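The structures considered in this document are given below.
What follows is chain A paired twice: with chain B in the first complex and chain C in the second.
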Partner chain A sequence: MPAHQHAPRTSPARATTRAARPHPQPSADDASARQYSSADDPRVMLDRQVGALFEPIPPYPTRTEREGEFYSLGDGEMFLNVGPHHPATHGVLRLVLKLSGEQIVDVDPVLGYLHRGVEKICENSDYYHVIDQVDPLEYVSSLFQEWAAVLSFEKLMDVQVPRRAEYIRVLSGELLRIASHTLFMGFLALDLGGLTPILYSFIERDEIVEMLAALTGARMLFNYFRVGGVNGDLNHEFMSRLGDWMTRAAKQTEAQAGLLNENEIFVRRMRGVGVLDRATALRYGVTGGNLRASGVPFDLRRAHPYSVYPELDFNIPTRDEGDSLARYLIRVDEVRESIKIVDQCLHNMPDGPVMARLPRLIRPRPGRAWGACEGPRGMLGVYTISDGSDGPFRFRIHDPSFLNLETVPALLPGNLLADTMAVVSSLDPVMGGIDK
Partner chain B sequence: MSAATPAGGRIRSAMGLMRSFPAQFWSRLSLQERLALIFVPAAIVAGVVTVLAVVLLGPPFLDFLGANLPLVRFAVAATAILLLTVPTAFVLIYLELKVIARMNLRIGPNRVGPWGIAMSVIHGFKVLSKEDFAPTGADITVFTLAPVVTYMASVMTLLVIPFAPGLIGQDLNIGLLYFFSMGGLTVVGLLMAGWSSFNKYSLLGGLRSAAQIISYEIPLTLSVVGVIILAGTMSMNRIVLAQSGSLLDWFVFKQPLAALIFFIAATAEANRTPFDMTEADSEIVAGFATEYSGMRFGFFFFAEYVNVFIVSALVATVFFGGWTAPFQWPWAYNLNWFNPWSFGFFGWLAIVLTVGYFGTIFFAVFARLFGGREWGLWASMGLGFLFLLVVVAGLVVLAGFIAFDWVAGLVWFMAKTYAFVITFVWMRATLPRVRVDQLMGFAWKWLLPASLLNLFVTATAVVLLNR
Partner chain C sequence: MDRTLKARLEARLSDHLRAPVYQRHDETEIRIEPGSVPEVLRTLHDALDLRFEILADLAGVDTGVAMQVVYHLWSPMTSDWLRVIADGISRDDPRAPSATFLWIGAEWLEREAYDMYGIVFEGNRDLRRIFMPPDYTSFPLRKDFLLPDDAARSPGAGVRHVERAHVSAGAADPAAGIRRAPAS
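This part shows the complex of A and B:
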């Protein structure tokens, strides 16, 4: 053989692979060999892959009777996971729907995807840091969460808050309530397939949030309320922005409400859907606009007055229908009332300090206190136990969205898949507060 | 060993060079050289093959085509229509982005190209460059075929739409019937996609589309029957001709109820808001298209927008006079005296240079005046040139509009069609989505009886008047 010629190539690598993977020899008595040979059938392979890919539902043996009932499928029923990543679940809510066709038979809300252990973090902080920590809970209206914590601390400390500070709290709180409700209207429309209202909502909310940024220094997580007052007095930029906005607020609200109220498709999709009757609402502990839409005129601002609300003139709108449309209309009415309150605050704003005289380090006497305020979604409460140190010994947050969302399994069955979004959205949950 | 000897070493090194010749040679080339080395031989081979094919096969092929002119016509029409769909979809996507943005008090795309006009092209590239992905458990064959079926069903309906006098793919005598049967094929593609994706959202979307499109096809078809009775034909061209004359001859004035029903049902047929059940994003994520990505999704996307165009074109054709002008052109003017060949090459060159030079300066002055100091000299010259091009293009279209029937027809047809396209976009920006049961109830309880009533009244009137 000439030197420049190659020997015929016998790919040694391939030869060894072949030797290592001999063709299976099926034998009648060997069960594993039989299984292996059946995998040659592509359909069987598909089934195996799918079986390996998807865990059985639920992935554990059922633990309660309710679980067993929920996870047993009837004829023609199927499960549908809505969330945690779904365009219309307002965060990371997961609803396991049991569907028959498009009709909902049963619902199982699954929570906890956003749990951070805020209460425990608060127990490890001092009283000033708690205000900072509770901000991201109800991130749409964080002032109210601060307000509840501050109310409870002030009860512990027995502080007299200056009247100007109280008025500023009411003023900023009601502004934020308007922003929150406006956003609610937009997202409700978005969940029903309307593209435009959400952008109008954000314009409105942006104006409010910008003016609050002028007041507090932040757009969303304000960290503005303090034990015994607020952090900083009203300033020129805030007042000029507010005055500018107030000239057109009422008109803008009516215009935005008109976008939806007078839309036949919207009204037809909302009316009579997800009816929450009075007794059920009370039994579930629903608060806020959702309760008032079911005909119970319960509003903490009137029922357990705090701050300067007794001095202000406003109505508590209620409705008797209890359906999604009523829940929406209640919010529209509340925006109108809030504009009235803001107007009164501006007219009655007293002079004086915005902070009570307090020591730098807060150390309340041992004791316990419950502070609650009426947030846009209902009663936001904070229960604090003090052991005399500079931080809360126990810090418990009561979030209205959690209780409101609990009614979903009672409201949804019997409705269609499309109503899930209408009902959940009309309850206005904020997942940051629910999962804490 | 022989490696130590000079001769053996030389042989060894020569062998090594030869063995490693291709790899080293290639790795030392620059990118341009590599590209040249690939494309130049390829181009040479392709050129030789083409020339050979033309020389050898050309004459018999031309003879064959000459003997089968209908076939040529069909091939040309099909190619033209296939080529038409992509720019149409691009224009519609951009239009929708921009119009909805303005209605939402936004600006819309404004980064890619002037006023963001290249946005849809970038969308197209994005879709093309994405991974072609099929989920585990999907029925790959059906999964792959579904977008093709949907897209082809939309494209094939374009074949019978008369764009202008003489500009029609094929003037079938059963044009409308062909249109509805081809349009009905869309649902097959959507069902295939929904079933094969191995996803419950897709399945729900596919079933919704089946229920919806089948339900709405009945009032859609029934509402046109009145027009067919009045026109006495199903050929699209003759339906258009039956409406020629003035604005009052349009069928929308003779069949107002039918036009309304047709428009509503067509909205549902094109899966547009408020009837976009099949891809209700807040309910079933993306419906039948949930598991699709890349160009497979792109075909669905194209098909959707082509469908919007087709449906608008059909509304314009059947009820709004198609390519006929809404009024008699008040002055008759012919451009026969104008012979473009009389100028000669240098004549044209002189005209183009003169008009280009002075026109650019003329418009640049305006750009300079209104743009202020922000516009530098060259920027305003460029803008002036752009303005000039637009004006010249407008003048050319105007001349064509006056001189040629088909240009005028095309302009009118496009104007009417895009009016309806914008109506669809407007509806999408305005209305929320209806619920499935409301959707079906509306079709069967309201549209169907109304279209039957319309048919009854029309037929009775025709019988009574003809007696």
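This part shows the complex of A and C:
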């Protein structure tokens, strides 16, 4: 085993920082001082423990220019640590905020609490295993992560996917997009202190998730898409649940949106907060609804069409404001468009097989392929390098939430502490995908 | 596949291309030296007939022989994805120029590539680990980082365990058993 693996976790700098902390030294003529060294003094020990609890400075010398800039406090500034376990951080995200009074001066997001090394696991799996390994990344919309992976594999192998399979992919994907967006609306309101919308969100989402469970066999981690098609045709239970839901879907989503759209507290807390302008959004590599809320009509379903999207009729809603409210309203509009797409899929669904004929052991020729699809949060991409064996040599996962979250240090400064969560959750990050 | 894109790229970047422009499906691929990354990205971003404004991805790759930094770009001027491979970065001392001067969002992507491969991006203001803890010392996505319990090497997990040349008993060269990318 190479020496660099499994090195013991030590931080010698921590010890020196603590020792340098001044604490009251007993005078020489104090009788008790001769019996105990200062290290045994309970007051000193308490001081050390308290220091460990509330020390905001990393216990090591700062390593980069940006870190040095962040961890030096100006006059009247203080640090506030949010997370990693905080009810409003959408997973395990830690934000170190630098505050001046109640105003945010700077933010340092700390990631990695959910890092599982999925890329490494996938590089040690075969192509079939990869599809269920990528499911738990974006656990709110896992079909899209599977979709990106199979798009990339299908390019590697020149597979022609049957049209019925493509329609089923679009159908299930758009249903899941609706579920994901409704959940986003509920959690956004929850982060602002509104308890009611999340209950309606879960009603909506549960109906969709239950019908997808009838289709795929699982509620969240579907493992449904296959290289060359999907695992199983539409069935009666799915169709009856879907038909039932479609009769009231439009009305139900309008009612849910109305709960927030016309809520003055909600609108006033969202409007003009966390403004992301067009140029900054492009420089940050933001995609999805967050980019479209800044006025860039970039949606892969139109910008780089895949599957059967060119045959379907739907709009790409955009807005110019770029604030948190625009990012919310974009999602409301997208739900409407998705319902339109689901309707068209049901009307145009062709007959035929749902899987291409493929050998049981997949071994693409050596090569490289990039597959990308438009998920609810933006562009999900997968870059695969094949070396001719039955598993990917390199499996790169690009998650949109990662770059969307990166804008937080640009959006938050100048806002109030209470707006932190309004801005972060309006970007709709899912930490499972960010931390991989 | 966009044939005109190939011609435009060859016209603009002929000095920097290490290999002919390669096209397959909806992807166009160019291979450059790591040193010419800033100039090439600047041209791709600014030239009026290219305008690759969206950085879709930045990833490190360890081929087992050398390191690569791979950029995926999108432009409204073409229906192709553009893949830029900065190839031939030394595995012992991997260094590459940063892309943060064009896309500030590349900062975290480069932090990730540094965290996973140890590639040092010169010009990145915040090159520290992003997923692994700050006192972690190795680079887990490198090909010589073998998992202690590698599922692919266990019997029953596919057939690769008979195909792969593993570290033979007593092999002194630590790179002897690592998987290598196909030459191309």
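The rule is short, and it goes like this: the second predicted complex is superposed on the first by the 381 of 436 C-alpha atoms of A that agree within 3 Å, B and C clash if a C-alpha of one lies under 4 Å from a C-alpha of the other, contacts with A are read in each partner's own complex, and residues count from 1 in each chain.
FYI, contacts are C-beta pairs under 8 Å (C-beta built on N, C-alpha and C of every residue); 3 or more make two chains touch, one makes a residue touch a chain.
Given the structure is predicted, the values throughout are model-derived calculations rather than measurements.
Engineer: Going by the contact rule set out at the top, does A:Gly243 touch chain B (first), chain C (second), both, or neither?
Structural biologist: neither
Engineer: Have a look at where A:Gly258 lands relative to chain B and chain C in the superposition and call it first, second, both or neither.
Structural biologist: Neither chain B nor chain C is touched by A:Gly258.
Engineer: Who touches more of chain A, chain B or chain C?
Structural biologist: When the residues of chain A touched by each partner are counted, C comes out ahead.
Engineer: For A:Lys155, is the partner it touches chain B (first), chain C (second), both, or none of the two (neither)?
Structural biologist: The second partner, chain C, only.
Engineer: Touch test for A:Arg268: chain B only (first), chain C only (second), both, or neither?
Structural biologist: A:Arg268: touches chain B, not chain C.
Engineer: I'd like to know which partner A:His398 touches here: chain B for first, chain C for second, both or neither.
Structural biologist: second
Engineer: Just checking: does A:Leu199 make contact with chain B only, chain C only, both, or neither of them? Give me first, second, both or neither.
Structural biologist: In the superposition, A:Leu199 contacts chain B only.
Engineer: Touching chain B and also chain C: which chain A residues?
Structural biologist: In the superposed arrangement, which is not itself an observed complex, chain A uses residues 4 for both chain B and chain C.
Engineer: Which part of chain A faces chain B closely enough to touch in the complex?
Structural biologist: Result: residues 3-4, 46, 49-50, 53, 78, 80, 86-88, 102, 189-196, 199-200, 203, 263, 265-266, 268-269, 416-421 of chain A touch chain B.
Engineer: Which bits of chain A are touching chain C when the two form their complex?
Structural biologist: Where chain A meets chain C, its residues are 2, 4-5, 7, 9-11, 58, 60, 63-67, 111-112, 115, 117, 119-120, 123-126, 155, 282-287, 298, 303-304, 361, 366-370, 372, 379, 381, 383, 385, 387-391, 393-394, 396, 398, 402-403, 406-407, 435-436.
Engineer: Quick one: in the complex, what on chain B touches chain A?
Structural biologist: Residue positions touching the partner: 11, 14-15, 18, 100, 103-106, 136-137, 198, 200-201, 204, 208, 273-274, 276, 280-285, 428-438.
Engineer: How about chain C: which of its residues touch chain A in the complex?
Structural biologist: Touch residues, chain C against chain A: 24-27, 29, 53-57, 59, 61-62, 70, 72, 74, 76, 79, 81, 83, 102-109, 112, 116, 125-141, 144-145, 147, 150-152, 157-160, 163-164, 174, 179-182, 184.
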